[in-house]
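To start, I am sharing the structure in question, which I have written as structure tokens.
By letter and in written order, the chains are A, B, C and D; residue numbering begins at 1 in each of them.
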């Protein structure tokens, strides 16, 4: 009886969505958006899985998604939604009002996250009670896994997708312990804090529990070989790194144009201005390093030659999540003549990112249901640095998605 | 003996390039660029046929191109090149100096063009002696054809490519005479001036002489059904309309990005600022109409839904050929949130267009040598409104080019 | 007893503010802003009269302002405020909620406006019942005057400031009847509809009632010599034309810089994109003419030489009142070298304009209290085409304001 | 006899212009521009002293200027001019040709500069032979002074203006030795290299020789109190710091607009992209510090409140001297509504700066001839951080210039 109540309307099984960073602006926007879509309060703009392109796919419906997650701050989804609304104007208070009950359900499923070796910028965001963790690494992993299991069982979910939306961590130098699963597990046993970051433990817990994993942030180490081996061991699909939303999206769409015309790009300067927690964490130099690494290799990859590039990220508190990016492109044409192009992108990052996550939750869940395992490289177009493949050209990535979707469709 | 002297080095046959509008800024830049490449004075930037993409294709070499053409102004290529250099800084006086002899050879091959029903803006550019044409349409066509034949024969050319680089003509309402070749030829016989524009007679002459034809300007009527039939009759390949260089190029590269993300474009406003003859002709409302028609259908085609668009073209004399375009894109994402992107493109139109023409001259010549006839739709990526196909997405057009190039390569 | 209740707190007399176009977005924003300031719900950003610059001046307090006005649409201030909030995000629903009672008080003071010879774009905005006006011009004027008197008397107001915020009217060719007051009054008597626009009658009514008049819209004829004579006759101060908010404000701030450096501006192209009723009315060519006239003379005035300029205004419905303007400035420096500057202005017009109106209401009321009559040219910095003076340089205008303020201060 | 040949036409005395950094792009552009103006080959665009504003002032004519200077690189003005022309397109080869003889005259007057404690970025630009300086500080000063005297005497010049156009030096911590002239001279005697930079010695030499001094670069220490005392001692006028050309010029012109409207600027982000030697020197962090200090205080000064600002300077080699700056301004209006403005400035720095220097050479020479001594604060509008005054508002600075010019005019 209770079980059946856990099913969605018409008896469909529900899908768990477990968000690392569940109190953050992106997660809050995502949860709000999904609930608003479930209630038909908003149109599904920004979602590819709602277009003709994927018509007929048996995706989880928004009303069948169940949200939970980890975070290092104590607040409510309602308070977080009001804050997002005030900062960026994306969530009006009326909508928060209407979704109050649903928000409270989500709140019940949010568990304390971990901060082991997270770096000072992230620790500065955390509530005090999270800071003094005394558990060993093994105990932490056990705790995370038990959170996931409990979530799955209490809602009678067939599948839980884990999505990493946590803040960008400082880079972690990869050593032997990150190269083989056995050695990584030794390091956990030996409680070697310096060898992990929170995201590694989240990913490891997801892998062990067989939860498909979407690594939406730039942290490089999260998908180190040892972790990839862990996903392989349980036959679990995963994909990453770093959701492609604003400036990089435009870059990867525009750069091929210069290639098609054999126009020589001399310099491509990019400046990203953003406020909010994301901007604050990135204003710490060590965290910024992770991000810049993710963004900077793309142009050379697409154009096929080295060029002068720059990716700046500056913290501008007044902007909140209204990211503003300016790119300047200096290029050469016939007769050595120099020309330029510049663009300004003004977008709300959470509004742009949330539908990508929802799309991927649906797509990776569908893929898992058809037996997919390991890296899902056909999802490359959603990422700044797609795992396991070198293609950075947005249009080629799209082509891959089209072809994969056609294959999946033929097997429906 | 004389014949062999007409061959290029190593006995290769030379390729004729016949430019309608041979005194214009684009033709002058193209000729200068080609000569500079032939002499290794500049790098082949902007030319796709010089990249790895087309490695191994037996394209005509720059030193094997022979230029000629029609124009309605009396000047020299040298004077035109100095003017272009002064206006846009693309051609330094030193380069004009070095190419003096070659320019004089080109000058010998430029013949008087026609102005029949060309509209007042174009007539205003013409030298006085061209204005009072007393020949019948049939005599004009015969004159054009005989110019082409004489050019081919005197240089012992296997093939002459005709490229229309003339000013944008006012639109022509298509009637019965444009729909069937027989009726078109009746209209010529009856000397019905109102039913033609210069570009129709140039195209007709090219078709009758079996010269592959590249229609690089927007005029719609030039490739009317009667003309297409004329090309079919002689088994001659052709392609058009309107070379895609600046703002439209960027548009067709960027718009797919919004589709990939299901971001709803609400408005796309485009403003083009340009000086020089092109800008002056377009500042006449009737000529502008032709141009706007060419540009405006593209976004709806790519995005798949109607949207608010605007394409403005303003004459700003001080800019010369340094075209400056600003586009503003207003779009909606999840939760109905509105965002925007804007770009400014600052490019020299002739420098951007010239290599496209050179690329297409080589490509269509190669295609003709392998028996291609009729519309060459695989060249779509070079045009604003590719003849005979609906694809406006630059990346899909590029994909078509890649596939066709692969096919051609397999037959090398 | 009743009278004393009409006084503000501490017995201060209240000031009437009569808005032509009282249901429009600007009036609604202005009323909402003023009420929010009166209740200390918002900070007085955008108001010069709230800065140190005017410290100590006995301006009317926001809580002492009483609003009324004319309009041609039937709605409520509450509904208008909600609409503004939805369109531009400037007025949150919570604020509308809090101000509900005050809004209803305003609604009681809004009277039907007139549409005589208003042009089709403005008539298209009007509610049906306003369209079939059968009164003579004299009856209309009497009606307007009686509205003003009634407003003043019922609230026991010492002074009522009339502000024209109506839509931009089509230009009116000035003839003899506009040059002398006597002849204008003859035309009214003779009921010559074609010789007036609504704004002329509003201005005339204000003059006759001795109400200081602020002409915030571009219509040229409103301050024709006959009307100026009417204001002189009653010793009433007035000022206009066309509030300077966005692109023109920036223009008048930037152009002097080029003069200071003797950089020669070759071309200055300006493009204004806006939605909402303002944009819709301006998308009618005849109304646009009025606006363009107002904007275009400025640059030559400041720079002192003729130059190529363009001011475009395009209707982009999705923008609402979020006006976006792009200006491109092409200029020449030493050695004839050409350079450029461009700017994009993204501002909410009503939010920018409302405080100017409130500032001027206070300033002209204070001036009237000290005996000022006729054109108040020291208010030039608030207008695109300040009446009765040629100075378009924003900084010189500011200097004038500073000097006048110092004089007024010395007489406090 | 020889002497009279040193006079300009009509017996006018000639004016010496001694440039520190005489081989640099700015000095080369300035010399070329001045010579071209003297020969009437170009129009005096960019020069304020050539406008009506200064009509009737007995300024030195361009044909009466004699150039000389110091530099740390061995080349010719001709070679430098060709390099500038190639990089930025400002100086065509034809002009270099025409000015060949004049350039050679300049070359004869250029003397080896000094590199004492100049920092590694500047030393990296120097020719090898300049690097191993063995002279004491006193010997260096004597050398510089003797260069100035010899220049004056050999050309029979009444006056020599010294202009510092050298690269931006790393900041120098000011200590006691910089506060009193006597202590500074002790430090020179004691040969304390660490207490000087080249610009201090140049300024000191100018002061001792009574040469009016224009400090056109940002280095802070150059006008330290001890040096100011040196200028006072010889009654020599001087002014600085850091010529105001591009982004800062626009900033100081625009910021007052926000003040006039009481719009609250929340953030003002500025990004400067530049190539050439200037960009390279600034890409060294220590030299950049000097520059940023100069630019960053301005906005708070004008607006009157603290705000979030950022001034970035990035080295983009392909740009050469074609400086491109993007500024993003985030501001708040009534009802707390947030809006934005952005501008892109694309200017050739040398072309913008050269006329300022020529203007100031004329103006300070004229002032000296009327007995002016010490800081010339009425020249503030030409500088980013005008010495001895706090006014950063370009328009107030202009007003000061207007008033001073009026006073000077009344004494003509």
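Operating definition for what follows: contacts are C-beta pairs under 8 Å (C-beta built on N, C-alpha and C of every residue); 3 or more make two chains touch, one makes a residue touch a chain.
A quick note: this is a predicted structure, and the numbers were derived from the prediction, not measured.
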### Task
Report same or different for the subunit C and subunit D interface, where same means the shared residue numbers exceed half of all residue numbers found there.
same
### Task
Between A-C and B-C, flag the pair that has more C-beta pairs in contact.
B-C
### Query
If you average the CA atoms of subunit C and of subunit D, how many Å lie between those two points?
46
### Query
If you average the CA atoms of subunit A and of subunit C, how many Å lie between those two points?
49
### Euclidean distance of C-alpha centroids - subunit B vs subunit C, Å
51
### Query
Which residue numbers or ranges of subunit B touch two or more of the other chains?
89, 340, 342, 344, 346
### Residues of subunit B touching subunit C in the complex
266-267, 269, 271, 273, 308, 310, 312, 314, 316-319, 324, 326, 328, 330, 338, 340, 342, 344, 346
### Message
Quick check on the complex: what are the subunit C residues that touch subunit A?
### Response
89, 92-94, 344
### Query
Along subunit A, where are the residues that touch subunit B in the complex?
29, 32-33, 36, 42-48, 50-51, 88-91, 95, 249-250, 253-254, 256-257, 260-264, 332-337, 339-348, 351-352, 354-356, 381, 394-395, 398-399
